[in-house]
Amino acid sequence: MTHPRPTSPTILPLRLEGVGYDVAGKTLLSDISLAVDPGRRLVVMGANGAGKSLLLRLCHGLIAPTAGRCIWADGSIRAHAQAMVFQRPILLRRSVAANLDYPLALRGLSRQARRATVARTLDRFGLGPLADRPARLLSGGEQQRLALARAWSMQPEVLFLDEPTSALDPSATRIIEEMLMGFSAEGITIVLTTHNLGQARRLAEDVAFLHRGRLIEHRPAADFFAGPAAPEARAFLAGDLIW
Amino acid sequence: MTHPRPTSPTILPLRLEGVGYDVAGKTLLSDISLAVDPGRRLVVMGANGAGKSLLLRLCHGLIAPTAGRCIWADGSIRAHAQAMVFQRPILLRRSVAANLDYPLALRGLSRQARRATVARTLDRFGLGPLADRPARLLSGGEQQRLALARAWSMQPEVLFLDEPTSALDPSATRIIEEMLMGFSAEGITIVLTTHNLGQARRLAEDVAFLHRGRLIEHRPAADFFAGPAAPEARAFLAGDLIW
Amino acid sequence: QEFIIVASTTSTENSGLFGHILPMFQAETGIEVRVVSQGTGQALETGRRGDADVVFVHARAQEEAFVAEGYGVQRFDVMYNDFVIVGPADDPAGVRAADSAAAAMAAIAGAGASFASRGDDSGTHTAEKGLWSAAGIDPAGDWYLSTGSGMGATLNTAAQVPAYALTDRGTWLSFANRGPLEIVAQGDPVLFNPYGIILVNPDKHAHVKAEQGQAFIDWIVSEAGQQAIASFTVAGEQLFFPSVQ
Amino acid sequence: MAADAALMQIIGLSLRVTLTAVLVACAIGLPLGAALALARFPGRGAVIVVFNALMGLPPVVAGLVVYLMLSRSGPLGDLALLFTPEAMILAQTVLILPIVVSLTRSVVEDIWAEYREQLQSLGASRLRAVPTLLWDGRVSLLTGVLAGFGRASAEVGAVLIVGGNIAGHTRTMTTAITLETSRGNLGLAVALGIILLALTLTLNAVAWGAGQWARGRLG
Amino acid sequence: MAADAALMQIIGLSLRVTLTAVLVACAIGLPLGAALALARFPGRGAVIVVFNALMGLPPVVAGLVVYLMLSRSGPLGDLALLFTPEAMILAQTVLILPIVVSLTRSVVEDIWAEYREQLQSLGASRLRAVPTLLWDGRVSLLTGVLAGFGRASAEVGAVLIVGGNIAGHTRTMTTAITLETSRGNLGLAVALGIILLALTLTLNAVAWGAGQWARGRLG
């Protein structure tokens, strides 16, 4: 990894205590208690509409729970030193390089430091040839790669990834998985959702399984894949669930 | 399949003759000659940014080639009786049901016929409970399912699918694959891109492999997966390519 | 509902005269009078284009030309009021000492005191130009403000600068935003300001409501109309004086 | 003016003229603006620039043009519309149409950029896409319509020329304000202005409420 | 008026007043409008409604208010700004600020709906998001700015009151048009209007060209 090590984690664990999320009278998440422990790789699984993306957005501090609370170890509601790759990444109406530059400028990095980081990131993610392209005209996979690169360049302590390789080709997927393992080795905490069971098996240290807005399993990955306790999770792994 | 059989295909084959596509002096696709034969399942493969989405949009008539031509068997440039599921589906700012109703209304169906078709489609795709939700607030997978449902309800002769299951959970993916096989059995022609090699193996009758905007293989699937001629395709299948 | 359109000047409308006399006319004849108040030039143009049935303005030379060109049938004297020169109460140019209107203007020019002119070729502006030429002065310079506006707007400006201005007494009496201004010169016979009324020629514009228009003219020059004009007062002062004996 | 009945009559006329003009301008301008956003034809840029520029059409000029049309000596003189509320509606429509067209075009262009391929894929012709885009952009379009309404309700130059500011017939709030200003009754003029703004405020509050409701239902 | 020099002087003053007012209104209105799109505070709806309604601020009222402020007997009388171009700039700024604010808010709200979570995730405070959104929305914002420019360049009621339409000093194209109209010189008035529109057209064409260029670079 050419990426500098992050400073030792101080903001973790992130604790969710009895978290619920309602919109317009509909309960989308309910009573979720969960700790995101430092340095672990947590994979959040569940069917479409189970609430995975909502859970990540809650953890990341983008939406506020309507019940319970999410709290970081340092007592803050929304810690810095975290980054997220969205399921549907939003790129700014600027060039690829400018998209990478933007969060660095937000952090007050000098022009020089930014230029170096951008160059390093472009190179690391194979985006060099696309640097001057308008980001919004990239292909689906290129956009997702750029979103990953942008999150990486922010040197987070915790990285939230919402189906980060869904648009990537097999080799890109493999490389990203290797990179995530590398981050993890550096001590970065990773929270990831995926519908790719192979990926989940490869990456997960812990698994949280959501079903209709409820957390029904949260266990070490080995236990979970060996045979989940909840019938819904068993059915999910077997590909049995119907909508 | 509860879906009525389409009338016998008359618009196929679709022929691409020396098709190229340039934007702002950059060649994104070049010299593609290809026939989409009636009733077949063609899977378009290639790395991120290879040009798969552009090729589908060209075939579907959304963009015009800057070289060569795309022509349907009936001589038209842009035939009706086709539908497409986009890589990033665009849903109207309306309810789920209204999104399904819209293309039917465009075709001049009576209110009654529309109501019946919408109900059938909602049911078929497990979207019943979501019928009155604003479509843009659905989860990623739910949105993709709605886009698939909308395309299905249009009873196309040709269905273009750009990574249609990238956001779906495993069981939804399996069901969609089964449905696609079902359509194919009814004579509907299917053109699909995917980065899921398993899915490609399961669905493909023919494979077109794109590399940097060029069509470098177009063969029956069995031949292709047995061992592609082109080294790029071999590397791709092995997951070897790096960007 | 019968109605006629009368193109008139802002000074008559602003003073409130029409609000006073028109109900009397309507009560008598059942004819509604719709008054479009415009600059004198614009009012005559409105008549020329056939968009009014009657014009009621104060710019004698232009009125006579209007009739001579065949746009109007005949001009009738209706009433007069007079112009006054207003200026800052402390009268920096010493206008109060002048013994004629022309002398007053000369004093203003001589002292280089600010003067606000309407500069819009209205009846008032025409009268003002007459006074300057009588005084032998070609007004120009920083002190001479050509506002290119109606009487009210010009007085608003004059009150702020402050500046001298020529105004008709009617507008002045009903004008509320006087600031430091007061009348500094009045009474010279050249400040006499006659109003005329003309029926637009139906030979030029067939749709002109000649009968009702003439009825209005007949009424306004009649005993009843003249009395109505005479009975209009603002703050206890009569503004317009009947000119038909 | 002192009489409440007269004031009511003036307010009523102002509302009638302005709202009718806005309605007509929307009926023409919304589809036209959307069509301009979608259409591709030589000279499209020029048409857009002209509509943008016409947002700066001086009311006096709009008024004069309508005046010269409706004048007895003008081409439409026989309609005898001059110095009537109808003439005022016409002049205001001319005035605010470019605003509605330009702002609609701008909003619809943005939605169209997102929707184009999907709508074409669903089988919508450009013509058929117009109502779809207007409907899906309704919350954003509202501000443009309100800008047009504001321009119309505040406008005095055009209605003065074609309406004539005839007491009891074509006198509106704005022409009354102008009249009181020229009478030096600045206090009264400002008071009338405040009444007019209060009316505008009420209408805007209602429109905003409706917009919020629509946004809630639309997600 | 006949003299070309006088006409040139009038054109120059019109441009100077209008462009300065637009510049000032943008400098205040763009960030303010964007902030209003992002901020959440009690009474936000009311503020938005007020700005929407102020798009319908009658120019005469805006002019009167500025007049009463700048008048010798008013609070700012000592500045001696009345009947100067600066007063006209101030009045026009007051007039078009609500247009710039409301249209900016509307555009930025749409982009914010799309960008909010991503920008927050990248670490942008709402304050820091303002310039980002203005920059990313620049093409769409242009139409709103042009609407403000149109309103200012066409406006006569306010500049007449605070400027006084003094020949050679505060006479602009629009007040000259009004003057010629009241003189009955309708032809000349229309001719001046055409010159004004031609100027507006040129400026709009330049703005459109710049916008297209920006759009091309931005994708």
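Just a few scattered comments:
Going in written order, the chains are labelled A, B, C, D and E, and every chain counts its residues from 1.
Throughout what follows, contacts are C-beta pairs under 8 Å (C-beta built on N, C-alpha and C of every residue); 3 or more make two chains touch, one makes a residue touch a chain.
Quick caveat, the model's predicted, so the values are computed rather than measured.
Hopping across touching chains, the smallest step count from subunit A to subunit C is 2.
At the far end from subunit D, in terms of centres built from Cα atoms, lies A.
With centres defined by CA atoms alone, the chain at the far end from subunit E is B.
One finds 49 Å separating the Cα centroids of subunit A and subunit D. Centre-to-centre separation between subunit B and subunit D, using Cα means, comes to 45 Å.
Centre-to-centre spacing of subunit D and subunit E amounts to 18 Å, using the average Cα coordinate of each chain.
For subunit C, the set of residues touching two or more other chains reads 38, 150, 153, 156.
Residues of subunit A in contact with two or more other chains: none.
Of all residues in subunit E, those touching 2 or more other chains are 67, 161, 178, 181, 186, listed in ascending order. Contacting chain pairs (ordered by label): A-B, A-E, B-D, C-D, C-E, D-E.
Taken together, the subunit C residues at the contact with subunit E in this complex read 38-39, 41-46, 119-122, 145-150, 153, 156-157, 160-161, 179.
On the side of subunit E, the complex with subunit D involves touching residues 45, 48-50, 52-61, 64-65, 67-68, 98-99, 102-103, 105-107, 109-110, 140, 142-144, 146-147, 149-157, 161, 173-174, 177-178, 181, 186, 189-190, 193-194, 196-197, 200-201, 203-205, 207-208, 212. Residues 5, 10, 13-14, 18-19, 34-38, 49-51, 150-153, 155-156, 159, 174-178, 205, 207 of subunit C are the ones that touch subunit D when the two sit in their complex. For subunit E in complex with subunit C, the touching residues are 67, 71-73, 82-83, 160-161, 164-169, 171, 175-176, 178-179, 181-186.
Residues 114-115, 117-118, 120-124, 128, 132, 136, 217-219 of subunit E are the ones touching subunit A in the complex.
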